[in-house]
Structures are given as structure tokens and as C-alpha cells.
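Here chain A shows up in two complexes: once beside chain B, once beside chain C.
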Partner chain A sequence: MAHIHLPDGAFSVQWIITWWIIALVILGLCLYWLKKVKKIDNKTITLAAMLTAASFAIFQVNIPLFGGVHMNLTPLIGILAGPAIGGPIVLIVNILSAAIGHGGWGMVGANILVNMTEVSVAYGTYKALGKINLDTFSRAGIGTIAGLLFGSVTMILIILISGIQGVHQDVQTTLYGLSLLTAVNMGVAIVESVVTGYVVSYIYRVRPDILREAIPVAAAK
Partner chain B sequence: MSDELSPHIPDLDLITFYSEKGTSLFSRISPWTKALMLVLIVLFVSLDKSLILAVCLYLIVLSLYGLSGLPLKKLFQWYTMPIIFVLSLVVILMWNEPGNPIFSLSMPYVSLILTDNGLLLLLTLLFKSLASVTFSLFFLMTTRYNYLSAMIYRVFPSPIDQIFLMSYRFIFITLKMVKSMIKALKSRGGGLLQSIRKQSKMFSEVFALTIIRSYDRADRVNKAMEARGFTGKYVAATRIPVIGTYEYFTMLLATVLMIYSIWFVKLPF
Partner chain C sequence: MVLVACLLAYIATGDKGIEERFSNAVGLPSEPDQGGDNGIFGFTLEGNHFSYLIILVLIIVATALIYVKYRV
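Right after this comes the complex of A and B.
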């Protein structure tokens, strides 16, 4: 997950408020869609809660690769739940993370924007690739890579626009540094895309109803 | 419990144990006061530019944590994650800051110079982060779940409050489920580093099973709740202790002290 791993105090107050306002507007749109368009039912609420808990629990698992990797699997939330339910989920996961050891309360607004980009791009790519009959593993993997890449770009834009208090580097040097970080992030993104690919194809084999997709008769046999 | 999953990630069971025990003086303070103090701390670290003030704030928060009888050794273990977060980005940005050079590294095409200002940037952000993380954990570990759930119910709009309240309860069940699956995986020889492909596949299947089981459990829980009259509104009706007069006074004093120290005290760094 391409989190903005900056602590409280890195952004100035005006930028903290700005990113929070934009995030709240996006969350407002998600809520409007859930209430007025989709007419959210009890089952969806319970499912969203379980997905939030699963995302948080999965983050606690240390995968022994490259010295230890943790994943929130945000693109997976997008693929499974879609962006509208994904909005409340990323808000809650970010608040829980800030409360339980990550800190960065001021960054929650900016992180919601990064995560919403991941959720939306992963969901859009996964659905779009479904139209060209690509297998589930590839669709989920490509969707995840695309989501995390766009998430990283959003993170870079947010940091470049806000600036970090106490950093006097010019934009070009900061961009160079952030690009290095994105390269490392994309290394982890490849692991995450493989994991997401396996997870989605496993769910597709065992419980396709969760993905709201029917298994083609030939594949099911 | 999370001890077995990742010892550097705060243990939710231990946090809940301390919050429900509620024997410290700070457990009797209104949760609203602690929440507003957290906002004040985030504001302070966002406005402050001095390392000395950041260290002072951290020491005050650490003292509060220690005075509450919360586990200090565990806290230092849990610092791993926020420290990694700060280092992962600031280590890249702290080079070539204007100031007195301390250390330089020359490589083809790139010359990296660490100055006193670069080092100050790293330390300042680190102490700000630790102050915020320590107070967050202090808040959680001295506030009963009933109060937290009532606050969530009052602060967030529906259905976010509903998803939040349910997910907090589900987290404990899901963590136990993940833990038992990881134990089963390890007892069958999994978990040891074999190859990236095998490793990814094994953990992916654990994650996939977590999601499938969570989905089924969500379905069962929903049916059970509907059978008991659940209509989509999960009410948290606990009365939250109101903010006392001395708490208002403490917050006012803290705000005045914050304004004074940030804008009127001149410090060397």
C-alpha cells in the first residue's frame, strides 16, 4: 500500500486541512451513492465491516519476504467491494492504523486520497480487463499494479504540492528522492499484485459469488 | 496475540486489557478531553519547528504514559513501525539541506551531504511522530471500549459509524482466525522461506480464506442480528463522562502554553 509514511508535523496545518476537506468531499460522494443510488442494506454494512477487519488483520501478518513485508491489500478492497464501499473502509482502516501505532493523524486525509486512488484504479482496471477475456489472476494482478502505481503518483503529487516542513530542497531534488521511494514501493507492489492475483483467483475458483461474477461453464468443469 | 503475528505491531488484546482495567487516574478523565488533547498535540507538532519543543512534548507524553502504569517495554517495541515510516521517507529527503556539513558521500553523478539541518529535520520529525503515537496509544489504553464506541457513534455519520462499530468487534475474531491459520500453515512446514512464488501463494491462500470466512461470518452475523430485530442501526448508548471544570482548565492552560512556546519562546534549534 502506497501510504504517505510521513509523521504528524510534516505537513503545515493549512495543507492538513486542505487534504482532509478534499477527502471528506470524496467520502461524502461515496455516502451519497451508497444511500441514495445503491440504497445500502444491512448485509452490505456487515460485509464492509468484515472486509475492514480482514484488511486490518491481514496487515498484522508479517510475510517473510525481503526482510518482512506488511500489506493492507487496498486494491483488493477495490476489486471486492468497489470504490463507494471502499471509501468508508479506507477511512476506518486509516483511523485504526493511526490510533494503533502508526500515528500520522494529520496525514489521514491525504492517505484517504492515496488509498481511494488505489481502490478506484484497481477496480476500474479489473472490470475493464474483464471485457477482453483475460484470466482472473492477470486481471487482479494488473489492476493491483495499476492501482498502486497511480497511488504512488498521487502520493508524490500530494507531497510536492504540500511541501514538507523543514525541507529546503528544490522541487527537482525532492521529486528525484520521491521517485526512488516509488521505485522501492513498486518492488513491494509487484509482491502485492502477485498476492492479490492469487487471492482473487482463489476466491473466483471457490466462491465466485463474492466477486459477483459467474464462472464460465467451460472453466467450471 | 499479535505477538505471534508481528511483535512490533501493537497487540490489540493487550491494549484492550489495559483500557478495560481502567485503574489509572487518567482512565477517569473524560474521553472527550483526551480526544481534544490529541487534536491539540497534532496541532502543536504541525505548528512547531523546534526540536527542543518536540523533545519536551515527547517527554511529557511519555511521562503520562508511564504514570498510567502502561507497559513501557512494549511501547518501545511498538515504536518500530513509526520509526520505519519516518526513516523510509525522511532518509531520502534529509540530504543536501543547507547548513554545516557533518558527513558527505560521493558517488558517480551524485554527491550526498548531510548537514546539521538535515539531521535536525530527521530528529524533529522522529520526536513529533513518537509524541503523537505515544499519546494515541495512551488514549486507547486508558479509555473503555464502551466510551470509544459511543464517541464513534456520535462523531461519524451513518453508515460509517455502523461499519466502524462492527469492524472493531470483528477485528478480534478475524485476528484469531488469521492466527490459527498461520499456526496451521507453520505446523505443516509452511512459513519458512522457500521461494518467493511458493511463499506468495501460501500466504495468498491464507488471506483468501480469511476473506471467504469473513464473508460467510458476515452473512451469518447479519442474519442473526436481523432475527434479533436489527434494522440497520447499531446504537451505542453509553453515557460518556462529560468534561470536568478542571479538565477545561487543563486544556486552556495547555493551549496557552502551546501558543506561548511556539510563538514567543526563542530556542537555538
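Right after this comes the complex of A and C.
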């Protein structure tokens, strides 16, 4: 959901390259993990393809809520596929989005970092809450809100660190403006958490193997 | 609580699209509302619609082929 909606030229070239390099390092780690540590299987590839299609399809839709917002299902990607396969998915979705004119090419690296934060935090929160025997809907919902909140924080940090070319607004004013933006986005995070919660709890009922949870711990509501 | 904070922030920033809200937040000049496209029940598409449809069809076909190939 958090996405840096700035045109090309808003960040200086140094920062565009910096965010791209960090994003590529993280993507390299994801691919290394998939190749050496957790071997990717056919089921994961199929799931990744479905999640990529769903995320791309819904991300381009402007939802008429609070003036217009987006969802991109990154927490769902994290919960269902995990951060390692989530990396290539967010890379593809961001590149395809830039290809159709939704977001600048220079922002892809920074947006991958924002989306990877959402994927990783949602996954980590979902897994951590499994230890306290919470039902699947609540785990997925809380994981989604946590992921989107941390994604927004990452977005704010990236913008504050990079600065905006040609803008002489002080940091406090920018931080205030982005905090208001995040507050509006968090209203949509509630909607996305309900959607993610229902999808994950449905999958938990019909195909628990997809969630890599062979033995049910808590009954999905 | 989150919804209250969201509504207060929405009132403070005013009714505007995400790009305009973003531009205002970082101090960039807002682009004028292009208008015209109200979409379906207010749902509109970002970017080039034709490219979106082509890419979406291709990605769905690729997903279907992968699904059929691996039969998971």
C-alpha cells in the first residue's frame, strides 16, 4: 500500500542509484536464499505467479476511499509466500507498474525497499503471533497492519533522507505532511487487513499446506 | 483509534487524490485534476489503460500455464 508516488526527478541521481543498489543487494539475498537455503518448489513458483498477477492487477486500481488510495497486497505476499520469494514478486510488480506509467522508473528501487519492508514485517508478525495461539484471521490482520505501518515508516525515512530536488520545505514540515499521509493510508490498511485476514483464513481452511502449517494450531474463524 | 486518526488526517489534508496528497506533503506543486475519468463507481485505473490490459492478460496467461504445468 505504501508507495512513493513521486515523479522521476524528485530524487537526485545519487539517491536513485543508492536505493537501487540496496534493493538489488536485498533481491540478491532473496535469490541466494531460494537457491541455497530453501529450495524453491513447483508449488511456490505457482503461488508466486498468482500473487504477482493479483498484486499487479489490484495495485493499479484507484479505490475511491479518502480521496483515492491503493492496495498492493504486499502483506498477503509475505504471509503466503515469505520474504524470499516476495522480493522477486515486488520487483516484477514495481517494474510492470512503472512500465504502464504508474510511478517513475527512478522510484522503483526505493519502492522495492518499501514493499519488502511490508512483506517482511507482515510475514514476521504473522509467524510470531502463531506462538501465542491466535486465530488465523487475527494473525493475518495484525500482520497486515504492522507491515503497512512499517512500510509507511520506511517510505518516510527514504524521502527524508533523499530530500526532494527543487523543494526548499524544511524537514519538520515534510515529516508532518508525510505523517498525515500515513494516517490516511492507515485507514485503508484496516480495509486491507480485513481482506488479507479473510483470504488467509480461507486458504488455511482449504489448503493449509500452502501456509506451510501442516498441523492446525488454532481454528480459523 | 486508527480510523479516528485516519479521519482527522483526511479532514486536515482535504479531499484529494493520492498523487496530489503526496505532492502537497513533500512540498511539490500539485498537478491540476485532469477530470473526465470517473471510472466504474469511482474506481479508476492508474497509468495507461491499454498497456495495463495487455500486461494483465499476459501475466494471467503465464500464471495459468504455470498452474497447468505444475498441477499443484
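In this text, the second predicted complex is superposed on the first by the 195 of 221 C-alpha atoms of A that agree within 3 Å, B and C clash if a C-alpha of one lies under 4 Å from a C-alpha of the other, contacts with A are read in each partner's own complex, and residues count from 1 in each chain.
Here, a residue touches a chain if its C-beta (ideal position, glycine included) is under 8 Å from a C-beta of that chain, and two chains touch if they have at least 3 such contacts.
Predicted model, so just to flag it, every value in this text is computed and none were measured.
Peer 1: Determine, under the contact definition given at the top, whether A:I26 touches first (chain B), second (chain C), both, or neither.
Peer 2: After superposition on chain A, A:I26 lies in contact with neither partner.
Peer 1: Looking at the overlay, what does A:M186 touch: chain B (first), chain C (second), both, or neither?
Peer 2: second
Peer 1: Check the residue A:K43 against both partner chains and state whether it touches chain B (first), chain C (second), both, or neither.
Peer 2: both
Peer 1: State whether A:I100 touches chain B only (first), chain C only (second), both chains, or neither.
Peer 2: It touches chain B and chain C both.
Peer 1: Of the partners chain B and chain C, which touch A:V195 in the superposed model: first, second, both, neither?
Peer 2: In the superposition, A:V195 touches chain B alone.
Peer 1: Going by the contact rule stated at the top, is it chain B or chain C that touches a larger number of residues on chain A?
Peer 2: B
Peer 1: Quick one: is A:S12 in contact with chain B, with chain C, with both, or with neither? Answer first, second, both or neither.
Peer 2: first
Peer 1: In the superposed arrangement, which partner chain does A:A146 touch: chain B (first), chain C (second), both, or neither?
Peer 2: Neither partner.
Peer 1: Which partner does A:A53 reach: the first (chain B), the second (chain C), both, or neither?
Peer 2: both
Peer 1: So, does A:T173 touch the first partner chain B, the second partner chain C, both, or neither?
Peer 2: both
Peer 1: If I apply the document's touch criterion, which positions on chain A are contacted by chain B in one structure and by chain C in the other?
Peer 2: 5-6, 10, 42-43, 45-47, 49-50, 52-53, 56-57, 59-64, 68, 70, 96, 99-102, 164, 167-169, 173-174, 177-178, 180-181
Peer 1: Please give the residue numbers of chain A that touch chain C in the complex, ascending.
Peer 2: Interface residues on chain A, with respect to chain C: 4-6, 10, 42-43, 45-47, 49-50, 52-53, 56-57, 59-64, 66-70, 96-97, 99-102, 145, 159, 164, 167-169, 173-174, 177-178, 180-181, 183-184, 186-190.
Peer 1: If you look only at chain C, which of its residues touch chain A in the complex?
Peer 2: Touch residues, chain C against chain A: 2-3, 5-10, 12-28, 39, 41-48, 51-52, 55-56, 59-60, 62-63, 66-67, 70, 72.
Peer 1: Show which residues of chain A lie in contact with chain B when the two form their complex.
Peer 2: 3, 5-13, 16, 27, 31, 34-35, 40-43, 45-54, 56-65, 68, 70, 73, 76, 80, 88-89, 91-92, 95-96, 98-106, 164-169, 173-174, 177-178, 180-181, 191, 194-199, 202-203, 206-207, 210
Peer 1: What part of chain B is in contact with chain A in the complex they form?
Peer 2: Touch list, chain B to chain A: 2, 5-6, 9-10, 12, 15, 38, 41-43, 45-49, 54, 78, 81-82, 84-86, 88-89, 92-93, 95-98, 117, 120-121, 124-126, 128-130, 132-133, 136-137, 139-140, 157, 159-160, 162-168, 170-171, 173-175, 177-178, 182, 191-193, 196-197, 199-201, 203-208, 210-212, 214-215, 217-219, 221-222, 225-226, 230-232.
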